[in-house]
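Order as written gives the chain letters A, B, C and D; numbering starts at 1 within each chain.
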Amino acid sequence: MKQDIKNIVEYSNNKRSKFFGLFIQFLIILSVITFSLETLPNLSAENRQLLNAIEIFCVIVFSIEYILRIYVAERKFKFIFSFFGLIDLFAILPFYLSFGIDLRSLRLLRLLRLFRLLKLVRYNRAMLQFTKAMLMSKEQIILFMGVTLILIYFSAVGIYYFENEAQPEHFSSIFDSLWWAIITLTTVGYGDVYPITIGGRMFTFFILLIGLGIVAIPTGIISSSLTKVVEEEPENSFKK
Amino acid sequence: MKQDIKNIVEYSNNKRSKFFGLFIQFLIILSVITFSLETLPNLSAENRQLLNAIEIFCVIVFSIEYILRIYVAERKFKFIFSFFGLIDLFAILPFYLSFGIDLRSLRLLRLLRLFRLLKLVRYNRAMLQFTKAMLMSKEQIILFMGVTLILIYFSAVGIYYFENEAQPEHFSSIFDSLWWAIITLTTVGYGDVYPITIGGRMFTFFILLIGLGIVAIPTGIISSSLTKVVEEEPENSFKK
Amino acid sequence: MKQDIKNIVEYSNNKRSKFFGLFIQFLIILSVITFSLETLPNLSAENRQLLNAIEIFCVIVFSIEYILRIYVAERKFKFIFSFFGLIDLFAILPFYLSFGIDLRSLRLLRLLRLFRLLKLVRYNRAMLQFTKAMLMSKEQIILFMGVTLILIYFSAVGIYYFENEAQPEHFSSIFDSLWWAIITLTTVGYGDVYPITIGGRMFTFFILLIGLGIVAIPTGIISSSLTKVVEEEPENSFKK
Amino acid sequence: MKQDIKNIVEYSNNKRSKFFGLFIQFLIILSVITFSLETLPNLSAENRQLLNAIEIFCVIVFSIEYILRIYVAERKFKFIFSFFGLIDLFAILPFYLSFGIDLRSLRLLRLLRLFRLLKLVRYNRAMLQFTKAMLMSKEQIILFMGVTLILIYFSAVGIYYFENEAQPEHFSSIFDSLWWAIITLTTVGYGDVYPITIGGRMFTFFILLIGLGIVAIPTGIISSSLTKVVEEEPENSFKK
């Protein structure tokens, strides 16, 4: 019987295991939607009760799943402290913790419920490929992230010296200028802060011509690593 | 004679078929322009009549084309329920449906007229290549679209906790925050909602550095699939 | 002597020809700066006279260059009606045309002076490579430009139906919506028009996830063509 | 003993050298944070004194490092006028210069302290790879930077003629229009200036469809050069 449960709970190729996986995934999505709906400002007491009921149901199922996973694991302590074991625990912990605690700290505990979303990783091959690609070129990503950060910092210092006098409310310190630098160099450009002096505009012109190529490098590294990871995998691993 | 019509109506390499194809394409474009002009708010009665006349003419030609296509098809039912058969039907159906119906629902029926634009696909090799490229890496696109959606959701939850108190009108719930997340991570950055707290800005900083690489992945997959599809096709298929 | 002039005027590898080329390039840049400065709103009469003097000097040199080029050309008519021959003519024509004409149409004639910038093409290897890359994948660029335009049109129609009632001043017709569609799908996002209804925002969400990959395709085609063109050229062609 | 200091100061593989390197890097980061904090507008006298103390400590360590580097260098003059020698000098010079000078010019001297950030280059392999990649395709980057600048200028002139009359405050001259052109073609789109006339919007539509591909070319060249540089390096150079 233990083998039976193991075949269902742990990801394998039989029908019951797939149904179980889909059911858990459905509950994760449901739980996430519930979590989102609870943040709506004008929620009636009835709806709030319904959302609570769904939440309790999800936690019960997740708890049973967690216990079963421990039950079927060969080396129980290894599972409990493994990456997925901890995620499964964190997905239900906030609910049990919130019983004996006053309401103030509830808000932050609710946030922990989002760990459930990480449970999806177990079922999402893309997420595993992505993690593999990140690890493959970890050092390069860190190194060029460093270059990007230096560029952003230089841009912030530059614009601070050009715009501080003209717009002391938007460029009051280098920390404020850093906000401008990240929003500009990623080309988001909200338009809440922008240079108005001629010097500041020419500096922006220059930084944009130089900088876009640099900011795009980490993106390029991730993409090319990912392509390698995907190509290395056997073709049929994407067929069901 | 049936063979003659078939040679003209179905895409082949003789001159009359090409002329027919260009004529239908011209009518599709004309029909789309008519459709756009009808939405102009201050249209005189005369112009409206003219647009109506063009619309009727287009529908008549498309109807004749549809009947001829059924006439020349070997297996008529297969054509009628094929992708292009249904598009040809939907391109004329809204016009005939709008006769017996009151004016309210007309608005939505008008929208169905846009199916005509899909008729262009029949004549557009690029569209076919693009469809082929999408199908080729369908599973990967879906998987990474999932990763992108999870990232967008995490960003929305994060910014909600940072900005909800400071700007309850813009970040009133996670659903509102999702709007911010998609507009920021695609670097559109309208500037209608943006973080103002230090925590929210640092979170945006972090999310942008991490997220741009992830959001760009589905785009990269489509591009590289397309390159493969284009290269596989014989060179001369682009010559006319 | 004709051979001597030919060696100087036409691009060749001797020193005098290179000096001549640099001198003409300098005059083109000078002429463009003059052109820009003339648009400054509060220009003193003195400065305006100075700019005029520079302009006359440039036109005289360009005229001499044009006459010399005709003089040294083997087949004079072929040169006059060649691409570069016409550009050389258009670079000086506006000046001579503006003598006998009243002031109103001057504005448009001034614009023609910008043809001078195209003279730079003659000296710019990158521009030639770029033109070659464009011609190489001309058909594909046109085809996918078509797909991009269809996507932009669909987006415009969709947002029109969602936002027209809520914001009739910004989305008054499909033509206004087209402005929104191009600014959003290129991720410029000025923030002058953006959806405010839930339907419109969800539509934008959907269109951005799908659309960014498509809009990026023509860019990708140009880039990969260019890489091929650059690689095909002998390495030493970039050394001077 | 000189050899001992040399082994520590110059980048080598023993433990003491690595610790020394990390210590200097830490001081650079500390110095940069101090520099940023000093720009905060409402700083108490106490905090200002603390920041000054840290700054003096950093300068002393950097000065000792500089003297040691000269001491261990084989050819002292060559080191002093080398790239890294000058950076090490400029990193401490502003501090010593600011003693005998009145407070006004201090602001600019403070800016020179940022040269310290360049000291990080010595320890950052990514920065060296990036510099190598830039040098490798220097000529191409300059050539296509030229094409990009011509495109930006054309866009600025075009929008000037369309929008100058409608918005004389935003598009008062071609120089103002250049600001619009760079912000639009890099897709930053702050939203401080945007076209409002139909002609200007159609021109923007056209320029964006054509221009995004061109502006992306220098970025593409840097990325592909970098990929080559990274691949050429022996794999183990990234392992420690």
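Here is the rule we use: a residue touches a chain if its C-beta (ideal position, glycine included) is under 8 Å from a C-beta of that chain, and two chains touch if they have at least 3 such contacts.
If you're wondering where the values come from, they're calculated on a predicted model, not measured in any experiment.
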Open item on the list: Quick check on chain A against chain B: do more than half of the interface residue numbers occur in both copies, making it same, or fewer, making it different?
Closed with: different
Task: Chain pair with more C-beta contacts, B-C versus B-D - done: B-C
- [ ] Would you indicate which option in A-C, B-D or A-D repeats the interface seen between C-D, with over half of the contact pairs matching by residue number?
- [x] A-D
TODO: Using just the Cα atoms, superpose chain A onto chain D and tell me the rotation angle to the nearest 5°.
DONE: 90
Open item on the list: Measuring centre to centre with CA averages, how many angstrom lie between chain B and chain C?
Closed with: 30
Task: Distance between chain centroids, defined by C-alpha means - chain B, chain D (Å) - done: 43
Task: Where chain A touches two or more other chains at once, by residue number - done: 187-191
TODO: Treating touching as the only link between chains, describe the layout with one word: line, ring, star, complete or other.
DONE: complete
Task: Contact footprint of chain B on chain A as seen in their complex - done: 32, 35-36, 39-41, 107, 111, 114, 117, 120, 124-127, 129-130, 145, 148, 178-179, 182-183, 186-192, 218-219, 222-223, 226-227, 230, 238
Open item on the list: Using the touch definition from the top, list the residues of chain A that touch chain C in their complex.
Closed with: 187-191
Task: Residue ranges of chain D in contact with chain C within the complex - done: 139-140, 143-144, 146-147, 150, 153-154, 157, 160-161, 164, 168, 172-175, 184, 187-191, 194, 201, 204-205, 208-209, 212-214, 216-217, 220, 224
